[in-house]
Structures are given as C-alpha cells and as structure tokens.
C-alpha cells in the first residue's frame, strides 16, 4: 500500500514538474543543456561487444555519464555482428564495437552516423605453454599462424563473426592459409564467446586469438595456456595488425524515429572527451598491473 | 494318475490383513475328483473366488495346505511351473490383450513354446463360435464375445483342470448357452476336471456332478449333486436352495 | 553445411535416445510393476530428474570429462560422445517416467491372468509392457523431442564446433548472436519440422494400427 501511494505521489510530482517546466519555458528563455536532477533518468540502450563489458571497463566509466546526463544506460553485450544488427533494427541507440570494415559498411548503409575512434586494445595469440608448433619468438601474427598451420597444431576460432573472429580471418588471409573447420582437421570454429573459446583451447591444447583484456581477466583459470605472440604488455605488441580500434556510432534517427538521438550523440561526445579518455587509460592498472585499453 | 482325487484341501484358511474373519475357511479335508464338474455356489462375497484362486495356485492359503496331484501348495511352497501350467483359471472379468482374437487364443501355446498349432487354435475359436472374428482386434468385441475368447484361450491349452469364476455373469442367454455347452463338451470328451464358481443355482443344477455351498467364507455343505439338491444336510442349504435366503 | 548440421542433430539425439530407451524403458516398466520399500523415494528422485535443467546436466558431464575431471582420459569433451552422454542423461528420466505411467495404466489384473495362462513372470511382465506399447512409443517420442530441442547441455559439452559438434539448436544460438535472424529462423523452422515429422509419424502409426483393428 505504501509503495503504491508513494508511486502515485511521484507520478503526480513528475506531472506537476513537467507542467511547471512547460509553463516556464513559455515565459522564460530555454533552460540550459543539463537537466534538473529531479527529473527521472532517460533510458538509453548501448549495444557493444562482450570485451568492453566482460573486462569491467563499462562498469568503471559509465556511472560518470549516467550522473552527468541523468541517463540510465542499458548495456547489451553481444558479438560485433549482433551489436550492429541491434543498431540496424533500431533496438539500440548507440553501438560501441571493433570491426572497422563492418562499421564503415554500417555507416555507408545509413544505419549509423558519424563514427568516431574511441580507443584501441590489442589482440594476442595464446596457446599451449609447451608450444608444439614452435611459434614463440615470432613478433608478427600472420607468420605465426602459418607455422601453426604447417605443424597442424590445434587452433580454436571464435567462428561467430565477432570482431575478434573478423580479425582472425584477416590474419589468416595475410598468412595465405585458408583453414575450414569441418575438413582441415586441426581448426575448430567454436561458434561461441571468447571465454568459451579460451576454455576449449585450454582443454584441447589449442592456439587461439584473443583480446588481451579477456585474457588478463581469465588467465587464472587457464593453466595450460600462455601468451605466444604479442608480448606480456600492450607496449610490447609490435604487430600493427594486432591493434584493435574501437569505434562509437550513434544510430541514425532518420531510419528509426524512436531512437534517443540526443542522448546517443551526447554519449559519443562524452566517451571521446579528454576526461573519459583519462579514465580509460587508467582502467586495469590497479587490477592487472597494466592498462587494457589505449584511448585514441 | 491312478488316484481318482486330483485336489485335496487340508484345513485351508485364508485371511487378509485388516480383516478379522477369514475370507475362506474349509475345515477338515475337501476333495475334488478327477474328471468331474464341481460347482461352488453361494451368495456374492461368500469367499468362492478366493477358494478358486487357491485351487488355481494364484494365491496361497494363510494356513493349511493344498495337495494337487501329490504336489503340496501352501504359504511357503510354490508349485513348479509345470504343475501350475496344468491348471487354467478363467477370471470373472477376463482381460484380453489388445491384439487379434487369434493371438489371444494362441497365447497359452506361445508361452509354452508350442508353435505351428494353427488348427488347434482355430478349433478352440470355432468351439466358442467366433470363427468370423478370428482376426478382429479384441477391442472391438462385445462382453459376451470377449468372455468366449477368454474361454477359448483357456481351452486351447487343454489343461487338466479348468477353473471358472462366474463365467456367465451378466451375459445374455445365447452366450450363456454357448459357454455351458463348451464346458460340458470338454468335460465329456476330454475328461477335463472343471471347478466352477457361480451364484446361479440353476447353472449349478445344469452342470454340476459335485456341489459345494459357501456362506460367509465357510464351506457348509459339499455333496454329490443329487444329494445336495434333494437331501441337504445343513438347514441353511435347504434355505438357499428354496431361495429363502435374504442377502 | 545445413544438411550436415541436421544429420548430426539426428545422429546425436537418436543415439542418446537409444541409450535412454535401453535404460529407461526397463526401469520404468520395473517401477510400474513392482512394489517395494523405498519405491516412493525412487519415484520422487525420478520426478525431480524429469525436470532436471539441461544446463545442470551439461555442467556435470563437463566436470566429469574435463582435463581436471575423473574421465579426462576418455578425451570426450567437445566431441559428439559427450553430447550423446548429456542428452542420454537428460532424456532417460523422461523415458522412464513416461513408460512407468503408461505401464501403470494397464489393468493390474492382466499380469495375474497371463500368469494363470502359464506365462513365466518375466514373460507376463513383457506382455504387460507390450500392452502399453503406444505409451512406450510416446515416451520415446517425448525423449527424442527433449533431446533434439535441448541446447544448454550440448553447447557446454559439445562446444558448437563447426563440422564437429554443431547441431541445430547451437547453430540457432550462434546465428542469433550474429544477428543473422533469417538464418536462425529457418533453422528453427527445420527444428520445428523435425518435431512435427516425428509426431506425425507417431500419429500415422497409431491410426494405422487402429485402422487394421477396425477393418476386420
């Protein structure tokens, strides 16, 4: 009973408040951009890849945005493919992903507007500590993959068209090997997330391509694996092909009128602002002893 | 086989848990002769079926024992399968398998490993007058037809003893006629021993050579048919025959 | 590609059903036909297992087969063997429970009557189960339906590896995650079609046998 009365009260208060606001906006000049804190927060949906969520980055930086703009951000962490699809269908207001070609295509088709660079993290190749394909020492990913293929050592692929999977396919293209899951024999397209693919690699003594953030967060439960290519720290990764840039793209409100276009644009501006960049640069130092992302 | 007595019951009593009075009490010795039709009459609930189940070696007696062709059957002794197979019990409410009439009648032969006895099966079906339904599924049969299939299913085995529990209850006269004819034929042609339980005194008169009357679980009169109907010993028997008994 | 996924789904679920039937049918029949101390406890466990969440089964099988598990030497993790194992564990209680219900539905007196016709106890039991054959068939269909539509356990222990352990349900999850909803929906329709086919087959079987009975 109490809660009901309370909610009735708050609805009443909100109605009165907006009525007052409407009146005042007639009489006085428009209020400033920052809304009054008493207004209920606006919901916004962010479709992003699992890496930003699973590493804990979003949990660390989002409260700042929500406070500043009186917003509530609903995070849907999925593969890049599905994240872009969510934007395409108008089920998300803004996307934060890392698959440059697909992102450009998304913008070119008019589903998103004004892509901006946010940050990079890097990919590494991890594999069995015994390194059966003798890859260790290789600085570049493509020749390393070649060696794995020549040794017919097990390789676990995400196989889900995610950003990581797209990157892996690009690297195979450079290495001039075309492995196919069903026929190659040592190449396994797992078709699941990074965590599951790492688990598979750990169980089956396989190499795999992973983003460093997921690796650092999960390496304690993967006793059979270690870093083979990419170095122990981001700065030691000398292969430009292993760099992984993230972009933020607000969904085009012209395609879907119910999109929260203003808030989405504010989010894009906020996440590329110097203050947020500072936070991104510091994220992970405390927990893993190194930064997981480098702001652009 | 020379012993003219096939069943000897010695002080048989059967009690069920939670009931004070025994369901069946046959003090002393009761004998059933080989090759006879023995009819047990009595009102419903008198324990006739329970006695028949003991004869069929389906339920052991609580106390006392049964000698079947010199094989002992009591609470602790189970008869060998070969002995059990010489007796067939036709239940008051026979249950048939949802298969064809032929398969049902053939069942007793099949479980005995007797194969290729089509004629025997056909003959049994013909004897109960159901040739036209040989391949029908039993689900499509009427109550009377089902009862006749059950009889054929019992007869095909050609058992030494056939135990019948109210085989004609709730049947129309035509079906009753068929079943009684078959019982008489088998008894006369093959010397099959038949023990039949009924509440129908007229049926007992038509078929019985030996008659027993059960009241409240006790066998109170057991005699040749002529003696039973004409000069009963127990006054309750006279009352039952006259139809004076109110149940 | 699509055909191999469908074929693998049928193979895995069919094989799992075979094992489930091998254990579940006799067990269910036994539970229906015998009375003993502790039977109600077994029934309670069986009913619980009938509703066992597949993911939990997947987790158990995973832990058994993992490199750190007791059966690591089998090298079954992320193979179809593991998937068959998980699905068999999931569908055995369903088969057993449904068979039990079906056999319990047969008139209890039938067994006594068959015994009196000279059947051995085992033979009489078998014929009572055969009398419930339609219910047994239904149990098998229910088990197969559960197997083929199950996703949580096979995803965990099979790993959804293309060309090796990818089946219809895990493929649907993958395509949905990639936002390829049209493909996911078509795969879903295939799955639905398979279920319909199996149930239709059962229906035909039922009406056909009934038809024979009615014809004569």
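A, B and C are the chain letters, set down in written order, and residue numbers restart from 1 in every chain.
Methods note: a residue touches a chain if its C-beta (ideal position, glycine included) is under 8 Å from a C-beta of that chain, and two chains touch if they have at least 3 such contacts.
Note that this is a predicted model, so its numbers are computed, not measured.
*Asks:* Taking mean CA positions as centres, which chain lies farthest from chain C?
*Replies:* It is B.
*Asks:* From the Cα centroids, identify the chain that ends up most central relative to all protein Cα atoms.
*Replies:* Per-chain C-alpha centroids ranked by distance to the global centroid put C first.
*Asks:* Averaging over Cα atoms per chain, report the distance between chain A and chain B in Å.
*Replies:* 84
*Asks:* Using Cα averages as centroids, what's the distance between chain A and chain C in whole Å?
*Replies:* 40
*Asks:* Could you grab the centroid distance between chain B and chain C? Build each centroid from C-alpha atoms only and quote it in angstrom.
*Replies:* Here the centre of chain C sits 45 Å away from the centre of chain B.
*Asks:* Help me check something: in the complex, which residues belonging to chain C touch chain B?
*Replies:* Interface residues on chain C, with respect to chain B: 107, 109-110, 112-120, 123, 127, 130-131, 212-214, 216.
*Asks:* Can you name the residues of chain A that touch chain C in the complex?
*Replies:* By the definition above, chain A touches chain C via 78-79, 81-86, 88, 159-162, 180-183, 188-192, 196, 200, 202-204, 224.
*Asks:* Okay, in this complex, where on chain C does chain A touch?
*Replies:* By the definition above, chain C touches chain A via 4, 66-67, 77-78, 155, 159-164, 166, 170-171, 174, 176-181.
*Asks:* Please output the residues of chain B touching chain C within their complex, sorted ascending.
*Replies:* 56, 58, 81, 84-85, 87-89, 91, 93-95, 97-98, 100, 107-108, 111-112, 133, 135-137, 139-140, 153-154, 157
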